[in-house]
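Please find the structures below.
In the two complexes that follow, chain A is the common piece, with chain B as its partner first and chain C second.
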Partner chain A sequence: MSLVKHYVRINQLVGSRSLTASGVRNYRVTIDGKTLVETAPADTLLTELYKTHVGDYSKFYKMDPLCRVGFMASELLLTAEDCRQKQWGESRGVVLFNATSSLADDRNYQATIDDSETAFPSPSLFVYTLPNVLTGEIAIRNHYYGETNFVVLPEFDSNTMSAIIEMTFCDKYLQSLVTGWVDCYDETNYNVLMFIVERDVTGHSTELSQEIKILTEK
Partner chain B sequence: MVVKLADNIISPLGVTTKENYEAVKAGRTALCQHEGVPGIPIPFFASLIDESVLTVEGDYTKFERMCIQSVASAIQQCDIDVASERVLFIVSTTKANVSMLGRSGCDNDRVLPGVAARKIAEYFSNRQMPLVVSNACISGVCAQIEALRALELGLCDYAVVVGADVQSPFIVTGFQSLKAVSAEACRPFDRDRKGLNLGEAAATVVYGREATADNRWQMVCGAVRNDANHISGPSRTGEGSYLALRSVLQHIDASEVAFVSAHGTATLYNDEMESIAVERAGLIDTPVGSLKGYYGHTMGAAGVLETLLSMYAVDDHTVLGTRGFENLGVSHPISVCAENRVTNRNSFIKLISGFGGCNAAAAFRKGGAR
Partner chain C sequence: MEELILKLKNEIIEVLNLEDIKPEDIDENAPLFGEGLALDSIDALELIVLMEKNYGIKIKDPNEGKDIFKSVAVMAEYISKNRTK
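Up next, the complex of A and B:
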């Protein structure tokens, strides 16, 4: 019986297929271990996924690179879970982790102010310069009123992630959590393992850490 | 139970919590006009730390020096071995070393908050994985909630929570572009409020686990809730803040609460939203205050700094006045006052909200008994 209920993995292919002929990173998308996309270049992957699997949430196009990849992963994950009509209220939260914070959008915003002579700071870029805007986007989309949080770590660490996931269940209202690693260095360089866990992870963070480790190595 | 063992605040108003508390009690503010700052063409009102007060030497950024000095000052007050694997470092920040993005030839990794946090923990020879809570403006309360949980679950024996942010062209121009800043000193909850001011501070609290609170401060509980409404605007029903307050009020009775230390940024929508949440939570008769008129919005530091000043205020039987407030300008008649008031209650609630629709509330009580 696994502690991770459903999971989505978006990661760069390894070996000879890791890059396209023009040097763009190639990605694979899997849901619950089943391949959804065998190989696709990073620059078009997310919009193609959006068009195929969502299509009716145009806010997607306003999102920064971190939110696009994290939002898309959450859409695939929650469709796999197949409980989208449920009223979750405070019983579901969203806690995500990465190492790059909102770096991708930070760079894009910084570019709008680099030359103070011609600076025209972009408010639409600035609002995305916080990683927890992603957890907010997922809560808004799914009407989750539970805890949302974003924790930045020096590097991927399944033990720390599992400990924080277990800590989050100290909130007695919380029944399940959308969680995982959503790292985004820039538009074409990202790495996702997003999954759902329930209250039964309490007291089992060592086992959860092992499961997370295995899923990232797949 | 989880109790406070030590604390520190570094701000333009002082380099200890006591100095800061006395300045605020006397009505002093660190806010002033800044003009001609490189990279910020439009003048702005803010509270900025003069680097001359920072004494840490070595290859550290202003952000890291503020954090290190604040932690060092706090741990001097308690007898713990911070290098121990049983000590957890939690850094609360929104933008950490983001100003490094604009500089050429810098050590690129340091722009990553986790790398900066590790640098801070390693200054104290702590080799454990530090956490960076990056939950917008509520980070400082969230970080304390994480500390509470880690201690209650026995995952660590001590937690060092340090909150800080440094103002930079990145942040100031961003808030200016959102039209969220006031060109003058901010006026929380006032009918003439025109927006927020930004501020710099570092604040540290050290928590530990003890059988009894004795005469110390106890962190009772905390909750985080989302509005599920908008990424950069508060809910019109105060949903997340109300739900967070409701959760906290299951562990503490409204009759023992001396005051609610609100976020009170002095933006039109935030203060209105908080008045709705406070009313819905049944706290309409409880004194409400904001400290933004003294410091501006210190972002990652705010949740820690405002918690500590609230503790010192209760120790001093005082409800601190809300500087800049004159006439109530929110739709629910919450009890805000410009002047300091007297209280004989021993608890308070810290309330805070931020971008991403997140809200947090936490309750603190002096001593073990109600």
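Up next, the complex of A and C:
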């Protein structure tokens, strides 16, 4: 029995670890193991996914790079789950992990305050200088009122992730989680494995950790 | 004034990341908040920064901002009368 119910991967193609001649990394998008996008340049991928699969949530354009990639992954994941109309309320939460926190936006915000003579701090960049804004964006969009948490780890660690996921289900109202790894170094360098788990992972964090490891190798 | 209105529309599109909107899509007489472009409170802060950064206008009273940001045309009128750069 699989503990992971649905999953989305947005990852850099192995052959494009370094920048291409045009300076753009290429990415693949898969949903439940099926390829949605075989290869696309990182700088236009998220906007094209938004236009094709969402299109009616203009707040997307105001999001920082981490939120854009995490939001799009969640949209694809929840469409695959096919339960968008369900009223989840407190029964669903969002717990995400990465190693770069909100670095992509932090760097952009820093650029607005570097020179004290000409500093004009940007309010719209400042509001994204925390990674847990992403968990909030997903919860607000889908009316999830359960636990939201964003954990920054030294590196990808499926054991720690599984243990935290299992611990989150100590909340007796929680029935399922949108969870996973959403790392974003900058606008063209990100890596996502987002998935849904249900309460039956409780007591099975070792097995969940193994499943997560296998998914990252697909 | 028309030149300033067009410049202002382009600046608003840039600072508010209105990626799908072109200057001609913005009605200069339409409300910026609530309807029209449906801007939010963070957008209002960005417009305050824009006024100071690009035109040298400091808006200290939030109530004053409500009047100034009624529409692009009203903003342009205020800028033309109060700009220091």
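Just so it is clear, the second predicted complex is superposed on the first by the 212 of 218 C-alpha atoms of A that agree within 3 Å, B and C clash if a C-alpha of one lies under 4 Å from a C-alpha of the other, contacts with A are read in each partner's own complex, and residues count from 1 in each chain.
Heads up, the rule we're going with is that contacts are C-beta pairs under 8 Å (C-beta built on N, C-alpha and C of every residue); 3 or more make two chains touch, one makes a residue touch a chain.
Everything numeric here is computed off the predicted structure, so don't read it as measured data.
Asks: What does the overlay on chain A give for chain B and chain C, a clash or a fit?
Replies: Here chain B and chain C can both sit on chain A without a clash.
Asks: In the superposed arrangement, does A:133 touch chain B (first), chain C (second), both or neither?
Replies: First partner only, chain B.
Asks: To the nearest 10 degrees, give me the chain B-chain A-chain C angle using C-alpha centres.
Replies: Given the fit on chain A C-alpha atoms, the answer is 80 degrees.
Asks: Of the partners chain B and chain C, which touch A:123 in the superposed model: first, second, both, neither?
Replies: Both partners, chain B and chain C.
Asks: Applying the touch criterion given at the start, work out whether A:151 contacts chain B, chain C, both or neither, answering first, second, both or neither.
Replies: After superposition on chain A, A:151 lies in contact with chain B alone.
Asks: Mind working out whether A:61 is in touch with chain B, chain C, both or neither, as first, second, both or neither?
Replies: The second partner, chain C, only.
Asks: Does chain A have more residues touched by chain B or by chain C?
Replies: Greater contact footprint in residues on chain A: B.
Asks: Pick one for A:47: touches chain B only (first), chain C only (second), both, or neither.
Replies: Only chain C; A:47 stays clear of chain B.
Asks: First (chain B), second (chain C), both or neither: which does A:160 touch?
Replies: After superposing on A, A:160 lies in contact with chain B but is clear of chain C.
Asks: Would you check which partner chain A:39 touches, where first means chain B only, second means chain C only, and both and neither mean what they say?
Replies: neither
Asks: Applying the touch criterion given at the start, work out whether A:109 contacts chain B, chain C, both or neither, answering first, second, both or neither.
Replies: Only chain B is touched by A:109; chain C is not.
Asks: First (chain B), second (chain C), both or neither: which does A:170 touch?
Replies: Touch partner of A:170: chain B, not chain C.
Asks: Give, as a whole number of angstrom, the minimum Cα separation of chain B and chain C in the superposed three-chain arrangement.
Replies: Distance of closest C-alpha approach: 7 Å.
Asks: Which parts of chain A are touched by chain B and by chain C alike?
Replies: The overlap between the chain B and chain C interfaces on chain A comprises residues 121-123, 127.
Asks: Please give the residue numbers of chain A that touch chain B in the complex, ascending.
Replies: 90, 93-94, 99-101, 103, 106-107, 109-110, 113-114, 116, 119, 121-123, 126-127, 129-137, 139-140, 142-155, 157, 159-160, 163-164, 166-168, 170-171, 173
Asks: Could you pull out which chain B residues touch chain A in their complex?
Replies: 38-41, 94-96, 98, 101-102, 111-115, 117-118, 129-136, 142, 146, 149-150, 152-153, 155, 169-170, 173-179, 223-232, 239-240, 243, 247, 354-358
Asks: Under the touch definition given earlier, write down the residues of chain A that touch chain C in their complex.
Replies: Of all residues in chain A, those touching chain C are 47, 58, 61-62, 120-124, 127.
Asks: Please output the residues of chain C touching chain A within their complex, sorted ascending.
Replies: 15-20, 42-43, 45-46, 49, 52-53
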